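Heads up, the next two complexes both have chain A, just with different partners, chain B and then chain C.
Moving on, here comes the complex of A and B:
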């Protein structure tokens, strides 16, 4: 059987950052990903990132992706593409498919960086072609350069809903309504102002009642909500549209962590069930680390920092760094992570993460 | 519809250089793009019909997770078209229900 020192599953921002850290410390890394190309969802992010200079704020997501790929290549990270991992067996044997065949690789350490997937929303007509994830539309316009439709309704005003609305406009589509069930916009004001300035009507306290159409989306009925989130009769509006994008959050892709036997916690503010981990991003299974959206839905910047933490800790456990060297490196990453986790959005995540880490140190279960 | 010009990404210089056959009709596609992108560019939205109620389905997640966009490709059913790249001469069919295996070449 093939062997590797460190196997990293998922070549998105967290996995790439982890690979770079392990390789930089002198470790031998095999990075596995089910896609044809590495980079995860970074290459559809054409907007400038937030944060400080260390987070490469002001740099567009896909440029950050290019830099990560350049670094992994320079450091000699082995990347297995088109290789979906289907399970983790005893003694860290990883089962994956390549060229239509089952294969296996055994690792001394594993870092899971499997990411997240978009949530769906149930309403009559939600399965009609033309109803799709906002991230799906983003992939189509920014990676594959194809418009999913011309007249688009966006459901959800978190950062994904706001950013993708703007990017749909940039790609030449009309965003004819952005609807949000809450009374206030969910994402950053700066993103909301951009689409407001572009003339997109924003309906807060509105939800989607149904989508109509024979073989694909032809329109949607939206309805106002009262303070108890109940539809208000008489406020229904029929909007003609050919596409409805759903931006109502993401869920961690945690299957492999479940299969490996990790202990989980249910933390709604992190997106649902997440594997418990400590400050080294090590899970309840010794030698198995997790990083990025899998351990709680955040942004690519935080995913990269978590990947770095996991990579450094992993290298330390293999004796590639002394305790002191690793401590200094990890402290720097934690300082950056903590700045990312500030403000009304970041604070909530920081508190949730702190609790998750406390649980590993013997604290009370928050699930 | 293709996004030819883009304020950030610039001009898309790729050419429609391969031909795929969708339900018997020839469609131009770009080498290296997923089947779903080629179909979307050609205005095709219904990728399959459900087994029991014969309802239409199309692309939902576009990253290979949801399996809503599966079609029969070169006689193999349940192929995720959002993560399967086009090849010249590929035969693609709107899938009915769970589809049928068939030798096509």
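Moving on, here comes the complex of A and C:
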């Protein structure tokens, strides 16, 4: 059986950053990804990132992705693409598919960076062609350069809904309406302001009642919601559209962590069930680390920092760094990570993360 | 009708006026100046690091709202291109006796042309007035965030914040 020192599953921002750290410390890394190209969602991110200079703020996401790929190449990280991992067996034997065949590779350490998947929303007409995840629409326009439609309704006002709306406008579509069931916009106000200036109306306290159309989306009925999120009769509006994008949050892709036997915590503010981990991003299974959206839904900058933490800690556990060296490196990452988790938007995530880490240290379960 | 950035996506006048990023009335009279419409505490500071004159301070924590020091601001506009949130504008109130200039970030294709008459919109994307494009800056450093300057009747310099997209 093939062997590797460190196997990293998922070549998105967290996995790439982790791979770079392990390789930089002198470790031998194999990075596996189910996709045709590495980068995860980073190459779809054509907007400039927030943060500070250390987070490469003001740089467009895909350029950050290019730099990560360049570094992994320089450091000799082995990347297995088109290689979906289907299980983690005893003794860290990883089962994956490549060229249509089952293969296996055994690792001394594993870092899971499997990311997240988009949440679905069920309503009459939700299976009609033209209803899609906002992430799917973003892949179509920014990776494949295909416009999913001309008249778009976006459902959800988190940063994904706001950013993808903006990018659909940039790609040449019209976003006819953005609707949000909550009373307030979920994502950053500046992202909302950009699409408002471009004339996109934002309906807060509105939900989608049904999508109508014969063979594909022809329009949607939206309806106002009261404080208890109950539809208000008489507020229905029929909006003509050819595409409905759903951006109602993400859920951690935790299947491999479940299969490996990790203990989990249910933390709604982090997106649901997440594997418990400590300040080294190590799960309840020794030698198995987790980083990025899998450990709680955030964004690419924090995912990269978590990947770095996991990579450094993993290298330390292999004796590639002394305790002191690793401590200094990890402290720097933690400082940057904490910076990203400040303010009214970040604080909730920081508190949830702190609680998750406390649980590993014997604290109580999150209710 | 509820107001404010969380409700409408448009910062209200109250939110703008209570933020530290706006130049005061005297500074507006004096010449081109940055007009920072950042009213939410998010972890972000490229405006501070890009300013060569120390005219914008975020400091620590990084979620502080950017503070504009109007006396230090030369109106160079680098912050307009650097803000990842496209939330900074540049205004020149007294461009002529009757007109002002407003410079804003613009990331749509095609770009308008210098000299072209364009339909100027407010923060809600509503048509306000026709204006003339007097300058377009699109340097490599801006990384595809073009800066468009429009000349508009003076009474609209606080209102005009973009132009209609061409399709």
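Here is the rule we go by: the second predicted complex is superposed on the first by the 366 of 367 C-alpha atoms of A that agree within 3 Å, B and C clash if a C-alpha of one lies under 4 Å from a C-alpha of the other, contacts with A are read in each partner's own complex, and residues count from 1 in each chain.
The working rule: a residue touches a chain if its C-beta (ideal position, glycine included) is under 8 Å from a C-beta of that chain, and two chains touch if they have at least 3 such contacts.
Predicted model only: the values in this text are computed from it and were never measured.
S.K.: Which partner does A:35 reach: the first (chain B), the second (chain C), both, or neither?
M.R.: In the superposed model, A:35 contacts chain B only, not chain C.
S.K.: With both complexes overlaid on chain A, does A:196 touch chain B (first), chain C (second), both or neither?
M.R.: Touch partner of A:196: chain C, not chain B.
S.K.: For A:343, using the defined touch cut-off, is the partner it touches chain B, chain C, both, or neither? Pick first, second, both or neither.
M.R.: Second partner only.
S.K.: Now for A:298: first (chain B), second (chain C), both, or neither, which partner does it touch?
M.R.: Neither: A:298 stays clear of chain B and chain C.
S.K.: Have a look at where A:316 lands relative to chain B and chain C in the superposition and call it first, second, both or neither.
M.R.: After superposition on chain A, A:316 lies in contact with neither partner.
S.K.: Scan A:60 for contacts with chain B and chain C and give back first, second, both or neither.
M.R.: In the superposition, A:60 touches chain B and chain C alike.
S.K.: Of the two partner chains, chain B (first) and chain C (second), which one does A:170 touch, if any: first, second, both, or neither?
M.R.: Once the two structures are laid over each other on A, A:170 reaches both partners.
S.K.: Kindly classify A:146 by the partners it touches after superposition: chain B alone (first), chain C alone (second), both, or neither?
M.R.: first
S.K.: Starting from the residues of chain A touching chain B, keep only those that also touch chain C in the other complex, and list them.
M.R.: 60, 170, 172
S.K.: Quick check: in the complex, which residue numbers of chain A touch chain C?
M.R.: 47-53, 57-60, 63, 169-170, 172, 174, 183-185, 188-200, 202, 204, 339-346
S.K.: If we count contacts the way the header does, which residues on chain A are in touch with chain B in the complex?
M.R.: 34-36, 41, 46, 60, 117-118, 120, 127-133, 135-137, 139-142, 144-148, 150, 170-172, 215-216, 253
S.K.: In the complex, go through chain C and note every residue touching chain A.
M.R.: Counting only chain C, the residues touching chain A are 5-11, 37-46, 49-50, 61-63, 82, 84-87, 107-109, 121-126, 143-145, 161-162, 164-165, 167.
S.K.: If we count contacts the way the header does, which residues on chain B are in touch with chain A in the complex?
M.R.: Per the stated touch rule, the residues are 1-9, 12, 14, 33-34, 37, 40-41, 45-47, 55-66, 68, 82-83, 85.
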